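One structure is given here, and the rest of the page talks about it.
First chain written, first letter: the chains are A, B, C and D, and each begins at residue 1.
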Amino acid sequence: MIARLVDRLMWRGPRPGIAPIVAGAALLCLVAAAFLSPWIAPWPYDQQMLAEADRAPSLAHWFGTDEFGRDVLSRVLFGARTSLSVALVSISVSCSLGMAIGAICGYVGGPVDRWVMAAIDMTWCFPEILLALLLVAILGPGSTSTVLAIAIAYLAQFTRLTRSQIRALKRETFVEASLCFGAGPAHILLRRLLPNAVAPVVVVAMLTTGDAILLEATLGFFGMGAQPPTPSWGGMMSSGSELLFEAPWVILWPGAAIAASVIAINLFGDGVLVALDVKKRRRTH
Amino acid sequence: MAKYAIRRLLALLPVFLVVTVIVFLLIHLVPGDPIDNLMRSGSDPAQRDALSRAYGLDRSLVEQYLAWMGHLVRGDLGTAIVQRRPVAELIGENIGYSLALGGLALAFSAIVGIVAGVTAASFQDRVADRALMSLALVGSTVPSFWLGLLMILFFAVQLGWVPVSGARHWTSVILPATTVGLAGMALVARVTRIAMIETARQDFVTLLHAKGVSRFTIQTRHLLRHALVPVLTLLSLRIGLIVGGSVTVEYVFARPGLGSLLIRAIGQRDYPVIQGSLLMLAIAVMLGTLVGDLLQAAMDPRQREDDRS
Amino acid sequence: MLTVDDLEIGFSTLHPLAGVDFSVARGEILGLVGESGSGKSMTAMSVMGLLPLIGGRVTRGSIRFEGEELTTLDEARYRRLRGGRIALITQNPMTSLDPMVRVGPQIDQGARLHLGLDARAARIRTVELMARMRIPDAARVYDLHPHQLSGGLRQRIVIAMALAGDPELLIADEPTTALDVIVQAQIVQLLVELVRERDLALMLITHDMGLVAQACDRVAVMYSGRIVESGPVAAIFEDPRHPYTRALIGCIPRPGMAEGTLAGIPGTVPSIADLPSGCRFHPRCPMAVAACRDRVPQTVAVAADHGVACLLAGAASGDAP
Amino acid sequence: MTPILSVENLGHTFPGPAGWFGARKRFRAVGEVDFELHPGEILGVVGESGCGKSTLARLIMRLYEPTDGTIRFEGTDITHLSRRALQPLRRRFQMVFQDPYSSIDPRQTIAEALTEPFEVQGVGLSAAARRAEIERLLALVALDPAMAGSHPHHLSGGQKQRVGIARALALGPRLIAFDEPTASLDVSVQAQVVELLLRLRRELDLTYLFISHDLALVDYLCDRVMVMYLGRVVEILPRGAPPRHPYTQALLAAAFAPDPKVRRHIVRITGEIPSGYDVPTGCAFAARCPLVEDTCRAIRPALVGDGHHAVACHLAPPIASES
């Protein structure tokens, strides 16, 4: 039913300059911060100081405190762990599964391909967020539902992309040349097709990690993501939205963290795409 | 064209059936006894039996599905557990708000997105292009609920231009529609821009210049027409973005609508309502995609032939 | 009618064309021949004034059309010329037509822009023009989309499109390269007929020496952004003076040639980013002497209407190796 | 002398686009092809795009599964041999492709491309043997051994095509099929490649099947020429022999002779090649033939002739004994 997937590869922006490098550095910092949060966070994420609830940012609490007097900065740092790990795990699952299915469908072709692709295309009827809500309705709230929802939601994209790459590569003459030497399907698929198909799929996976972070945060915001006391960016905003007028900083910081990481991912990914494209152009001309 | 439309519509039927199966299976996939999921706990056995019979839970899954579909085509979506009212009625009350929000958001994404994309393409790699594309990047990456909350803080609380929440006054739709539309707009702008640039490199555009057609005419008449095809593909594929975005934003702005209904129902484990609203939202996505496909085919003669072979 | 003199064009710091001279007269077919990377298409774009589209500009020399200097012409007047008095035919009929527009109106556009016809008159004229292109059932084809037509028919449409504004000069950039042998011959025959019938000037850009031999009155041979030799077609084929022209002709297989006689030219066409000094052909030239590396050869006349840009042109005549 | 390759009644029908339960429409690409190729010979195959000449080469190379007929290579029926059974035979017949730009995996170095055949065939080479083999192959096609470490995008089209030829030579084949090996090259480079092919045939005692659309080139290079139209062989003629089939005559008349004194502008053939989805019942060329008669539309002419020259046309004059 879906005619064709708009190739994310087409979305090259203006020439990127140094933005991707800056974004890459920012991403490194973000991952480091998430990893090191137990050591660098100024406060434990769950330490409640009710006497200091709803404090505006100060020297003691750079980002302020929430309604239980917990340090917002510490919770943002710990939240990065939750958000990033959920996004990375789900996208890894989705991407590897999609690559496997897409590679096989693209290589085999015929009715198998049509039926499998039709089944996978069904997921388009449920936009990411609806799919996630459906799974939450079945499995209950929590990180498992979120991971599963993200993995299923983006499966079609990775499958389609890998499939189209494989199908295009299959027509390349170098594949015919290998066949001429007597190469079998394993050699063709693993040595000729997949290595050439991987790079763009991985870049798109990286870009999609940004979307996954957004989705994870949205579910958290509905109170359906990682459950308290585990801190997550979306979850912090969920409780913070009730204090929107009194303590806007509680939602301001986690939101900014989400926006910053997603923007960094996109800038970096775009940069890699441009680099790949330049390389490809050099090869074909 | 009419034949193409009918073929497209028929192709949608199996998809629709699969969607209904998924939605139907929902209550069976939930851990625990479906009856428990269909009613409040602590009800007496007689009530349980009555409900069990009403839902046909003593029969096989296939029979249950057929019975459920039978009700569905007659517009009977069951009864809400919490509100004890027909689900169809609840949906009827809410759907108008969602349509208004979705429609406005869609219009906003399309119009502003195309204008921004064309402008960026005309100034490729110059300041205007960079500025617009940076804005588009931010638009597609900022979480919509966060943006919604910030907009409430600024426009509703600080400036007091529009109501904070609800849907009592028509102005209340402005902020939600902008919030939902922004993500779509960013995507439309990016696709319009790249489609214009890629089309401009094609031979037939060189020939248009060689015919003496003015640059302005080429940009506005010929290139734009080509750029609209991928934009429509994008919009019809990503109609889910608008539908999904509406769900989130309705919740943020405490606006009535299918999204709020769904999220509240999930919180209350009100499965008939979950089923009903999920089904309606999925249908919205399917129809949106269909309309997009048809518009594309109307514009691009090659599309109609492609699917026939 | 068209005189190009010492044309040089630039893309940022690169100069893919330098020292291009040639002229085309009314009723004449000039073949502009060269291998890929010789700058043939670039020359066409320069004459059409379309260099800015691909990011280039004319940096030296002149292009005069009927006495009018084109390099300094303003865009509005150039636009009236393009598609009006000067028209272009492109190489690939598969991509030269707008896939979303019916073919008829694509031809109309020229007549409406340049002859001021209204929609009805333009349509009548277009159908006539299409019939002249030997498109069967022209009135029906008028309403078809490009993808419904074969390559040969599409190329006829492209030619009709070029003729729509009643041009005097036609520039055809590899008009038959993408076509099959028989269709190629049909299209060339059509072009030659049109030139004779309408007294047009045709600049035929090609890499195919066979096509040049069959269709052209005069030839200009290009190598690496320069015209190395030009003259009447008979002179070029029978008495080529430039080593490159001679080598090029030696590369074409002919009936009855013995095995091992196909010469080839060692090396490859230099990239525009890394051009050799002096004569640009000297690294591949079998006759090169030390002076060829240092001096850029000027075009000298070796016979009436036969010019060669080679330092050895005077010394070496047709019987040289 | 036993033919190195003999093809009988070979045919191939492509499945059309995949439907939900298999293919629907079928595309007839090649049908009823018969010919023999003798050791040391160069057989040219000419025809316009879509005439099935590339498909024919791929059928013989067993890249496509033939739907009709038999292919014998050195007396062995290889028509339906399994991949494993075919594997050792593949060392003896190889193919060179048209597009030098995509015929080498962009991720491979030239050395890797040249040793891929050994790897696929399971021939273990020591590091020294591998180096020696690469040098030998590059020297065969007159390329600088220093190129071994570069990637294909650093090479010109002509150099890439030489690598393609070297790779096909790696396993020591007797038969090589060339699919328009010079079509995307400039004439000056084409001439070099053609001379290289002639030299290699002499030095390595090879047999070629040479596919091209360029009549002049085929005439220069080949001992015999097979002309195809819509998947059928319409004529097989020795080099230099006058053509008898109206289609061959038309092709020859349409080719541009590189001599301004020999000008031919009369093209009697109109229209273009019909689609392989609906091949006419009679002679495939009937719709465009200037000499067409009723018989031509009704009955498909068979390919008749002696061992040298054969024509498939009802109207062709009988073949006088040529020797």
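Throughout what follows, a contact is a pair of C-beta atoms (placed from the backbone, for glycine too) under 8 Å apart; a residue touches a chain by one contact, two chains touch by 3 or more.
Heads up on the chains, UniProt names are B = ABC transporter permease; C = ABC transporter ATP-binding protein; D = ATP-binding cassette domain-containing protein.
Keep in mind the model is a prediction, meaning the values are calculated, not measured.
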item	value
Contact-richer chain pair [B-C vs A-B]	A-B
Distance-maximising chain from chain A - centres being C-alpha averages	C
Whole-Å separation of chain centres (CA-atom averages), chain B (ABC transporter permease) against chain D	54
Whole-Å gap between the CA centroids of chain A and chain B (ABC transporter permease)	21
Contact set on chain B (ABC transporter permease) toward chain C in their complex	202-204, 206-214, 222, 225-226, 229, 299-302, 305
Residue ranges of chain A in contact with chain D within the complex	109-111, 113-115, 172-174, 176-184, 187, 192, 195-196, 282-284
Residues of chain C touching chain B (ABC transporter permease) in the complex	48, 50, 53, 79-84, 87-88, 90-92, 95-100, 109-110, 113-114, 145, 147, 158, 161, 164-165
Residues of chain D defined as touching chain C within the complex	48-49, 156, 158, 186-192, 194-195, 198, 213, 215-217, 219-221, 240, 250-251, 253-261, 263-265, 267, 269-270, 272-273
Chain A to chain B (ABC transporter permease) touching residues, read off their complex	1-6, 10-15, 122, 124-130, 133-134, 136-139, 210, 214, 217-218, 221-224, 237, 241, 244-245, 248, 251-252, 255, 258-259, 262-263, 266-267
